[in-house]
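As written, the chains take the letters A, B, C, D, E and F, and residue 1 is the first residue of each chain.
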Amino acid sequence: MSPLPLPEPTPAAAPEADRYARGLARLREIDGDAGERVVDSLSAIAPDFARYLIEFPFGDIYSRPALGLREREIATVAALTALGNAAPQLKVHIQAALNVGVSRDEVVETIMQMAVYAGFPAALNGLSAAREVFAAPAAG
Amino acid sequence: MSPLPLPEPTPAAAPEADRYARGLARLREIDGDAGERVVDSLSAIAPDFARYLIEFPFGDIYSRPALGLREREIATVAALTALGNAAPQLKVHIQAALNVGVSRDEVVETIMQMAVYAGFPAALNGLSAAREVFAAPAAG
Amino acid sequence: MSPLPLPEPTPAAAPEADRYARGLARLREIDGDAGERVVDSLSAIAPDFARYLIEFPFGDIYSRPALGLREREIATVAALTALGNAAPQLKVHIQAALNVGVSRDEVVETIMQMAVYAGFPAALNGLSAAREVFAAPAAG
Amino acid sequence: MSPLPLPEPTPAAAPEADRYARGLARLREIDGDAGERVVDSLSAIAPDFARYLIEFPFGDIYSRPALGLREREIATVAALTALGNAAPQLKVHIQAALNVGVSRDEVVETIMQMAVYAGFPAALNGLSAAREVFAAPAAG
Amino acid sequence: MSPLPLPEPTPAAAPEADRYARGLARLREIDGDAGERVVDSLSAIAPDFARYLIEFPFGDIYSRPALGLREREIATVAALTALGNAAPQLKVHIQAALNVGVSRDEVVETIMQMAVYAGFPAALNGLSAAREVFAAPAAG
Amino acid sequence: MSPLPLPEPTPAAAPEADRYARGLARLREIDGDAGERVVDSLSAIAPDFARYLIEFPFGDIYSRPALGLREREIATVAALTALGNAAPQLKVHIQAALNVGVSRDEVVETIMQMAVYAGFPAALNGLSAAREVFAAPAAG
C-alpha cells in the first residue's frame, strides 16, 4: 500500500483546549440551558461523550463561519423533523432556532415544508414539538 | 359525533387554476429544467401525480412568503441528506439551492452539518451528490 | 430553457372550495373524531397546515376512486408500522381501518407482516398500538 | 425467575418440512421467477438464509389465511415505497402485486398515497420502480 | 417457468417442536424476564406472533453457533441505537447484552460509536436508554 | 443562567495534532486503501471534512481501548445493514471487519441477524454487499 498524500491539518485546526472552550461557548450561545442539561445528563454514564459533543458539533461544525447560525438551525430543525426519531433533540433545536434569531413563523414554515419531503406525520409531530416549546416559559 | 368547528378555507386559498399556474411558475424558478424533467417523467404513469407535485409542494408550500427561498432550499438539502434515501431528489435540490442564491460553500456546509444529526455516511453521500451537481454543466 | 409542454390541469381538478369540502367529508368518514382532533390541534400553531391536511391527503388522494378505502387503510397501517416513527398517526389509522371495514384480524395480519419488511421491533410496536386502539372505547 | 406460562405451539404449527414446501410453493405463486432468482443468489454466500426466507415470510406469514394475497402485496408495496431503501425488493413486489391480481392502477395509487406518509421523493422513486416493472417483458 | 433447483432443507433444519423449545430456552437465556414479558404481552392480540418471535429470531438466528452471543448482542444494540425508533426493544437488548457478558463499558462504547453512523441524537437517546437499564434493579 | 459546572477536558484529551496522526494511523489499520480513497475523494469539495473524518471517528472513537476493533466493526456492519441507506460505507466496513479479524462467516451471520431487527430486504441487500466485497481482489 503506497499511501496517498493525505491532507495536512489545516491552519484552522485549533489546539484541543481551544476546541473545547470554543465549543462550550458556542453551545451556551445556541442551546442555552438545554444544551447544558444534555451535557450534565451524560456526566455519570459517558463523560467523554459530553466532551465529544462539545468539541465536534459545537467546537468544529457550528463554529465554521461559512454558514450563518440562522441557516444552521433551520437545517437542523428540518433534518430532525424529517428523521422523526429524535423528539428531545428536535425540541432543543426549535428553542435554539429561536435563540439565534429564527422567528416562530419561520420555524413553523420549516416544519410544514417537511410534509413534502418526509410526509404529513413527520410534519405533524414536528408541529407538536414546536407547540410544546413555544408554550414553555422562556429558557435561559 | 358533534363536529368541532373546523377552520374555514382561509382567504389565502386560491382557486385551483391559480394554484397550478403559481406552482408551475415556482417550479420553473426553483428547479429549472430538472423540475420539468421530473414532471415529464410522470406523464405516462401517473399524470395526476405530476399535477399534485406542482400544486401542493410548489403552488402551496414554496409559494408561502413567510420563509425565504434560500432558507427553504437549505432546509430541503439538509432533510434529504439526512434521510439518505432519495439521491435523485437531493441532486435536484442542490441545483435548486444554487438557483435561488445559496452558494456552493453554503451547500457544502449544510451537508457537512448533517454528519452531526444523521452520521458521517449520510454526509459523505450528500457530498458525493454535491460533487456531481457542481461538476455538471449548468442547467437551464 | 424551452419549456416542455406540461400537463394541463385535468378535468378532474376541482375548484379549491370543493377540494376542502370533499376532503373534510372524507376525513370525517375515515378518521372520525380523531381526524377532527388532529385538525383542531393545529388551529393555534399552523391553521393553514390543517387546511392542507384536509385538501391534499383527503380531498385529493383519499378521494380518488381507483383504490378502495379498505386497501388504502391497509397500505397506511403497513407504511406507518414499517416507518416506526409516527405512533400517534398509526393509532389514528388503525381506528380508521376499522372504520372503513378492515377487521381486527386483518389489521393484526398487516402489522405482523411488517416483521418481514421492517423487522420484529417495528411489528411489536405496531401490535402495541393496535392493542391500545382495540381496548379504547369506540370513537365517534 | 418463575417462568410465565408460555404459549404451547399452536395446532397450526406445521412440521418443518411442510413449512419449507409450503413456503416454496407460496414464493413461486407470488413472486414467480424473481423470487427464485433471489433464492438462487443466496446459494453461495448464505444458503441457510435462503431457507429462512422461504420458511418464515412465505411458509409462515404469506400462508396465513386471515388476509388476502392482494391486501398483503398492497401492504408490502406501501411499506417498501415508504421505507425507500430497498429498491430491488420493491420491484419484486410490484410484479408480485400484479401476479396476485392487483391492477397497475391500484399499484400506482398505493405508491402515490405514500407521498402523504413518507413524502414526495419516496413516492417519486416508487413510481420510477413501477415504470421499470411495467415496461419489462412479463416475467415467469 | 422451469424452476431452478432450490436448496433442499439443510440437515441443520430441526423439527418444528425443536425450534420452539430451542428458541424458548434461548430467549430465557438471553433476555430473561423481559423476553417473557414481551411474549406474554402478545398472548391476547397475536399469539401466533409470539410463537414466530420464539422460533425465528431465537430458535433459528440466535441458535446458530457461527457468531458468539456477545457479538450478537453488540450487533443488536448497535442496530437498534442507529435505527432510533424502537426504544423498548433497545432496552431489552441492553439488558440482554449484560446478561451474556458484555460489560457496561462495552455497551456504552457501542452506543457512542453510533454517533458516527447515525448521528449524535441517536447516540444520546441510546445512552438515555442505557442509563435507565443500568439504574433498574437487576432483572430475572 | 447560572451555568452548571461542566466537565473539564479529561486528561485523555490529546492535542489536536495527535488526534489527527492517531486517527490517520487508525484509518489505515482498519480501512486500508478504501479509507484513503474516501479521504482523497473529499480533497476538492470539502477538505476540512476529510480532517474531521480522520479526527472524530478514527482519532477519537475507534482509538478508545474499551471496546475491541472486532466488536467495533461488527457493530458498524450491523448498523449500516440495518439503516440500509449507505451501501458504499457498508462495503468499506465489511472489508474493514475482515481486516481486523472478523471472519467471513461472522460477517454473514451479523448481516443475517439484521433480518430480525430491520427486515429481510435490509439483510438481503447487506448480503449482496458482502458478496461483492468477498469477490473483489483483496485490497491494500
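Quick notes on this structure:
The working rule: contacts are C-beta pairs under 8 Å (C-beta built on N, C-alpha and C of every residue); 3 or more make two chains touch, one makes a residue touch a chain.
Values in this document were obtained by computation on a predicted structure and should not be read as measured data.
Interface repeat of B-E: among D-F, C-E or C-F, the matching pair is C-F, sharing over half of the residue-numbered contact pairs.
Across the assembly, the mean Cα position most removed from that of chain E is the one of B. Rounded to a whole number, the gap between the C-alpha centres of chain A and chain B is 22 angstrom. Chain A and chain D have Cα centroids separated by 39 Å.
Taking each chain's centre as the average of its CA atoms, chain A and chain E sit 31 Å apart.
Touching two or more other chains at once are residues 48, 52, 56-57, 61, 64, 80, 82-86, 89, 108, 112, 114-122 of chain E.
Chain contact topology: the protein chains form a complete graph, every chain touching every other one. Residues 38, 41-42, 44-46, 48-49, 52-53, 57, 80, 83-86, 88-89 of chain D are the ones touching chain F in the complex. For chain A in complex with chain B, the touching residues are 56-57, 61-62, 64, 66-67, 70-72, 74-83, 86, 89, 105-106, 108-110, 112-118.
By the touch criterion given at the top, residues 83-85, 108, 111-112, 115, 119-125, 127-128, 130-131, 134 of chain A touch chain C in their complex. Across the complex, chain C is touched by residues 1, 3-4, 6-7, 9-10, 12-17, 19-20, 24, 28, 32-33, 36-37, 39-40, 43, 47-48, 50-52, 54, 56, 60-61, 64, 140 of chain B.
By the touch rule above, chain C contacts chain F in their complex via residues 82, 114-122.
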